[in-house]
Structure formats: C-alpha cells, structure tokens
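Consider the two complexes below, in which subunit A is the common component and subunit B and subunit C are the respective partners.
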Partner chain A sequence: MKLASTRHEVAESPLELLEYVMERGWGDGLPVIPPTEERVAAMVEASGRPPEESRGRIPHLFGDATIEKIAVNAAMAGCEPEYMPVLVTAVDAIFDPIYNLPGVQGTTNCIAQLIVVHGPARGALGINCRENLFGQGWRANATIGRAFRFILQNIGGAKPGDTDRSTFGHQGKFSSCIGENEEASPWPPLHVERGLERSDSAVTVIAVDPHIMVNDAASTDGEGVLQSIASSMMQAGSNNALFGGEMVVVLGPEHVDMLVRDGWDPPRIRAFLYERGRVPTFLFAPANLERARGRRDDLMAQEDLQSVPVVDDVDSICLFVAGGLGKHSLVIPTFGNTHSVTRKMDFSFTD
Partner chain B sequence: MFEAFGRKKARALGFAGLPIVSIPHPITGIPLDTVHAHADEILESVAESLTQSPPPEDEG
Partner chain C sequence: MAKTLVILDPSGIPPPMEKVRPAARPALLEGVRLGLLDNTKPNSDKLLRRLEERLSGKYPIASFTHYRKGGSALPLEEDLIDRMSAECDFVVNAVPD
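Showing the complex of A and B:
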C-alpha cells in the first residue's frame, strides 16, 4: 500500500515520542501510540477505502481528510483498525451544513463533539453503552473519541489556545464516544427513528455543551421523572435558551422502566419536555432575553412572551437510552446553532 | 483575540496577504456607543483595504 504522509524518525522511548508530538501541536497531552507505516496501513485496509480518498476538507484550516490522514490520527489515538468505519462515518456526518462545523470548531463556547454509535457495531467493536459509558475503562469509547478530536485538531486545524478559542474547553474534548443502550428500551433506537433499519450500524454526531445529571430517585411515576428532566433543561443562560437548536436527553434504564410502565413513548416524552422545559422569561437577564428574541424567529413575533422553548421545535429533542442502573438521566445542552447528524455506516458488522 | 486565527484561515484559503483590520476584543456585552466608536476608528482602514491593490503574493 502506498502511503503519502511524511515519515518522521522518532526514538522508541514513549516519553521522547510524547515530547515530539507535543512540540508539533499534534497531541492532547497524554501518551500516544506511534503511527507506524504498518499500523496506518492496517487502519486504511480496515476502512475498505483507498488511502488517497478524500472525505472533505475540515475547517478551520481546511486540511484534507483523506482516509490515510484519518488513519494516522486513529493510530496515534490507540484505535484498533476495525474502529475506522466509525471515524470515517463521523467525519462524513460533520460536513452536513446543519451541524455548523465552522461555528463549533473555533467558538469560545465549551463544545465537545459527541459520537453516539448505534446498531450491531456496538457489540462488534466493544463500545460501552452501559455503566460509566462516558467515563474510563473501554478502549473503543476512549480511543474513537480521542481519534476524532485529533482529526478535528490535526486535519481541521483547531489547535487549543490558538485556532480553537474555547474559553474553558470541555472534558469531552479528550474523548467523547458512547453507544446507545438499545437493549434497555422497547422503543426504536435513534437511528431507526431517523429512517434506518435496526440491523444497520450508524453514527450520530452532536456538538454538545457540558452535561447536566438529573437525579430523581424519589418519583414513583414517569411524569415525576420527566418533570425533573424538564426542570434541568431550563437554563436561561444556556446556548439553547438563547439560540434554540437541539438539546439531548439521555434516559437512564431505570427511568425508562418507569416511563414504559406508565405508558410513555418518545413522541409523548418529547411533547411533555418541550412544554415543561420552557424557561420563564423572568429568569432571563433583560438584555440576554432581547438577544434571544433578536436571534430566534419563533420568539421575535410574540409580543407577550411568557416563556422560551429551549429547542427549535418538539422534534429537536434528541432522545435516546444509555447508561447503567441508577435513577439517573442526563440533559446535554448543545451549541444551539447546531443539529445532530445521523449517518449509516457503510460497513457490515455482526454483533 | 481572533487576528492570528483569521490570518491562518486566510492563508489556508490561499489569501496569505488578505488585509485584516481588527478592533479590540470583546465586541459583545459593551455599550452601543463603544461599538460605534470602534467602527469609526477602523472606517478609514477598511476603506483603504477595500480599494488598495492586493499584495504581490496574492496576484494571479
């Protein structure tokens, strides 16, 4: 296989490799795996695509996201070759204009790119969908998310403190990749809601703000749980309150059990959260409310505005099930000026 | 704050000599008359940038 990337001679010492990578702005501060020719070739081969094939030019600096360059970053992050289809599909997804990649790459906001994997790929690749799925301990979750950040940083040119101007950053910028816990719910998984088959493997990419955990171990019915989630969506200072867009709600399996028992389904849940999650206008700083009204067509025309919906419309609540036992769910605000994108993986996996 | 970023982006798009006129950060959360003052300060520079020939490295 002919690879075009520049070769670098680096000492075998892990510390020297880390220093070499950090001096050139290619790393994230943690040790990396050497992207040797052999390792990169294995990654390219596992993608099923030729190394020179371009998937697009990633802003800010419009580096060419060839299969080879994706493979180099995947190797450096510690990925197994079979993770490549997830990364290639995620790269394809962020070029959808509704994602607003130029906006999320350089903003002062605290944005991470969350990858959610659906379908048989989760089992085949060992992607954790259950306990501690956002945390440490699973190689696929850790390295796919890390590789995606490397791709945005090294191919796209979003260098922290330089062309990536985030005020605080985001823990998820080290890595943010999870699986949907499709087995914990009787409802169709997100990729099926969005028109794919259950047997398809798919990737959803979302530009997320920091997470808000919802702790409701006291409610004994589904409505109580939803009220706790709705009240966690009501932040007058959030991007969603200011700009609308899409918000993510991750339901924990124990909350799902209560909701299913009480006859709730995703359309009813979204409708409830859309209405109950509105932010009363008195919670806004007056100037910030005017800013929201000036930016949102849905608010501009309303003279006697009493509350502000935190998403564009009822379908802009991205709802799915994930996590392990415990009476918890998550509300994940987003960049606001963005919508998640789901893409089918052009690859077959056997769970 | 964004000037170096802007220069890198211009270079990436093939306009290394793109004239860039800057005003101090921030431009949000400041009084409207301060915004107008910043605009007045850069008006001539913007007009010059728009009417001058591009630097030699950008020609063609």
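Showing the complex of A and C:
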C-alpha cells in the first residue's frame, strides 16, 4: 500500500513522542499512539477504501480528508482498525450543508461534535450505550471521539487557541462518541425514524453545547418526567432560544419505562416538549429578545409574543434513548445554527 | 542514539493557494454606489447607520443600500453576493458584537 503522508523520524520513547506531537500542534495533551506506516495501513485496509480517496475538504484550512489522513489521526488516537467506517461516515456527514461546518469550526461558542452510533456496529465495535456512556472507560467511545477531534483539528486546521477560538472550549472536545441504547425502548431508534433499516449501522453527528442533566426521581408518571425535561430546555440565554435550530433530548431508560407504560411515543413526546419547552419572553434580557426577533422573523412577527420555541419546529427535537439505570435524562442544547445529520455506514457489521 | 520509529504526518494538505487580485477600489467616493452589509451580530446595524450618516454629510455618494446576511454563523448567500455585485461599487461589512 502506497501512503503519501510526510514521514517523521521520532524517538521511540512515549514521552518524547508526546513532546514531538504537542510541539507541532497535532495533539490534545494526552499521550498518543505512534501512527506508524504499518498501523496506518491496517486502518486504511479496514476502511475498505483506497488511501488517496478524498471524502471532502474540512474548514478552516480546507485540508483534504483522504482515507489515509483519517487513518493517521485514528491511529494516533488509539483506534482499532475496525472503527474506521464510523469515522469515515462521520466525516461524510459533517459536509451536509445543514450541519453548517464552517460555522461550527469557527465559532467562539462551546461546541463539541458528538458522534452517535446506531445499529449493529455498536455491539460489533464495543461502543457503550449504557452507564457512563459520555464518560471514560470504553476504548471505542474514547478513541473514536478523540480521533474525530484530531481530524477536525489536524485536517481541518481548527487549532485550539489559534484558529479554534472557542471562548471556553468543551470537555467533549477531548472525545464525544456514544451509542444509542436501542434495546431500552420499544420505539424505533433514531436512524430508523430517519428512514434507515434497523439492521443498518449508522452515525449521527451533532454540534452540541454542554449538557444539562435532568434529575427527576420524584415523578411517578410520564408527563411529570416530560415537564422536568421541558423546563430544562427553557434557557433564555441559549443558542437555541436565540436562533432555533435543533436540540437534543436523551431519555434515560428508567424515564423511558414510565413513558412507555403511560402510552407516550416519540412523536407525542416531541409535541409536548416543543410546547412546554418554550421560553417565556419575560425571561429574556430585552436586547437579547430583540436579537432573537431579528433572527427568527417567521416566529417573531407576532406582536403579542409570549414565548419563544427553542427549536425550528417540532421535528427539530433530536430524541433518542441512551444511558443506564437512574431516574435521569439529558437535554443537550446545540449551536443553534445547525442540524444533526444521520448517515448510513457503507459497511456491514455482525453484532 | 536512542531507538527511533517513523510516523506519518496527520496534517491535512490544504488546496494549492491561488493568488487573487483584490477588486479595484474607487479612487473617489463621488458618485459611487455604496453597499452596507449587516452580518446580524448585535449592533452591526447601528454601526452601519452611523457610517451612512457620517459619510452622507461629507461625500457626494450616489446611493446607500443596506443588506443583511441570514446569520453571522452562516455562509453569505450566493444570491446576496450577486445582488451586491450588481447594485454596488463597493461594500462595507460590519462585524461587531
């Protein structure tokens, strides 16, 4: 296999390798795995694609996201070769104009680019969908998310503190990759709602702000749980209140059990959250409400506006089930000027 | 020397740089058609209105036309670029906060 990347001769010592990588702005501060020719070739091979194939140019610097460059970054992040289809599909997804990649890469906002994996790939690759899925402890989650950030940073050129000028950053910029907990509900998983088959493996990418955890262990019915979630969506200072766009709601399995028992399904849940999650106008700073009106002409033309929806429309609530036991759900606001993108993995996995 | 290994460079290769000559600047403001582009960031409209007030008292500018992007975080719309090209001799873009 012919690989075109520039070669660098480095000391074998892990510490010296880390220093070398950090000096060149390639790292995230944590130790890396050396992306040797042998390791990168294995990654390319597992992708099933030729190394020179370009999947697109990633802003800011419009570096060419070839299979080989995706593979180098995956190797450096510590991925196993079989994770490659997830990364290639996630890279494809961010080029959809509704994702607004130039805005996401260039903003001062606190954005992590979250990968959600659906279908048999989760089991085949060992992607955690349950307890602590956003946290540490699972190699697939940790290294796929890390590799994705390396791709955005090293191929796209979004260098922290330099071309990536996020005011605060986001913990999820180290790594953000989870699986949907499809087994915890009788509802169709997100990729099936979006037109794919349950047997398909797929990836959803979402440009997310920091999470808001919803703690409701007191409600004994589904409506109570949904009211707690709706009130957590109601943030007058959020991008979603200002710009609409899409918001993510991750339902924890124990909340799902109550919702299922009480006859709720995703369309009804979305409709409830859309209405109850609206932000009353009195919660806005006046100038910020004026800004929201200016940006959301269709909604803001009303003279007697009492409340502002936090998403463009009812279908812009990206709803799925994930996590483990505990009476919790998550609200994840987004960049606002963005929508999530779901793409089928052109690769079959056996769970 | 300590043992070494060879690693591959993870950086993306940017497209070849293309030299672009900036559009010609009008030598005088007299008679020019001036576009004022609001990028939707707070106060950019105020800045542009103030600019119009100050310039119009001082120079014989033919016209001021105000434009507004769909959103500061969104790419400038192609049809807006075409309209500004057709309607203006030059454009001032305000990017405040």
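Methods note: the second predicted complex is superposed on the first by the 351 of 351 C-alpha atoms of A that agree within 3 Å, B and C clash if a C-alpha of one lies under 4 Å from a C-alpha of the other, contacts with A are read in each partner's own complex, and residues count from 1 in each chain.
To be clear about the criterion, contacts are C-beta pairs under 8 Å (C-beta built on N, C-alpha and C of every residue); 3 or more make two chains touch, one makes a residue touch a chain.
Since we're looking at a predicted model, the values are computed, not measured.
Is A:F243 touching anything from subunit B or subunit C once the two structures are fitted on A? First, second, both or neither.
second
After lining up the shared chain so the two structures overlap, which partner does A:K69 touch, if you call subunit B first and subunit C second: first, second, both or neither?
In the superposed model, A:K69 contacts subunit C only, not subunit B.
Given the touch rule stated above, what does A:E23 touch, subunit B (first), subunit C (second), both, or neither?
The answer is neither, since A:E23 touches no partner chain.
Please name the chain, subunit B or subunit C, that touches the greater number of residues in subunit A.
C
Once the shared chain is lined up, is A:R7 touching subunit B (first), subunit C (second), both, or neither of them?
So A:R7 only meets subunit C here.
Just subunit B (first), just subunit C (second), both, or neither: which does A:D304 touch?
neither
Quick check for you: in the superposed arrangement, does A:E37 touch first (subunit B), second (subunit C), both or neither?
A:E37 contacts subunit C only, not subunit B.
Under the stated touch criterion, which partner chain does A:N154 make contact with: subunit B (first), subunit C (second), both, or neither?
second
Would you mind listing the overlap between the subunit B footprint and the subunit C footprint on subunit A?
Comparing the two interfaces on subunit A, one with subunit B and one with subunit C, the shared residues are 61-62, 106, 157.
Spell out the residues on subunit C that touch subunit A in their complex, using ranges where they run on.
That would be residues 2-15, 40, 42, 71, 73-75 of subunit C.
Which stretch or stretches of subunit B touch subunit A in the complex?
1-2, 4-5, 8-9, 12-13
If we count contacts the way the header does, which residues on subunit A are in touch with subunit C in the complex?
Touch residues, subunit A against subunit C: 3, 5-13, 16-17, 26, 34-37, 40, 57-58, 61-65, 68-69, 72-73, 75-76, 100, 102-103, 106-107, 150, 154-157, 243, 287, 291, 294-295, 335-337.
Please output the residues of subunit A touching subunit B within their complex, sorted ascending.
60-62, 106, 157, 162-163, 165
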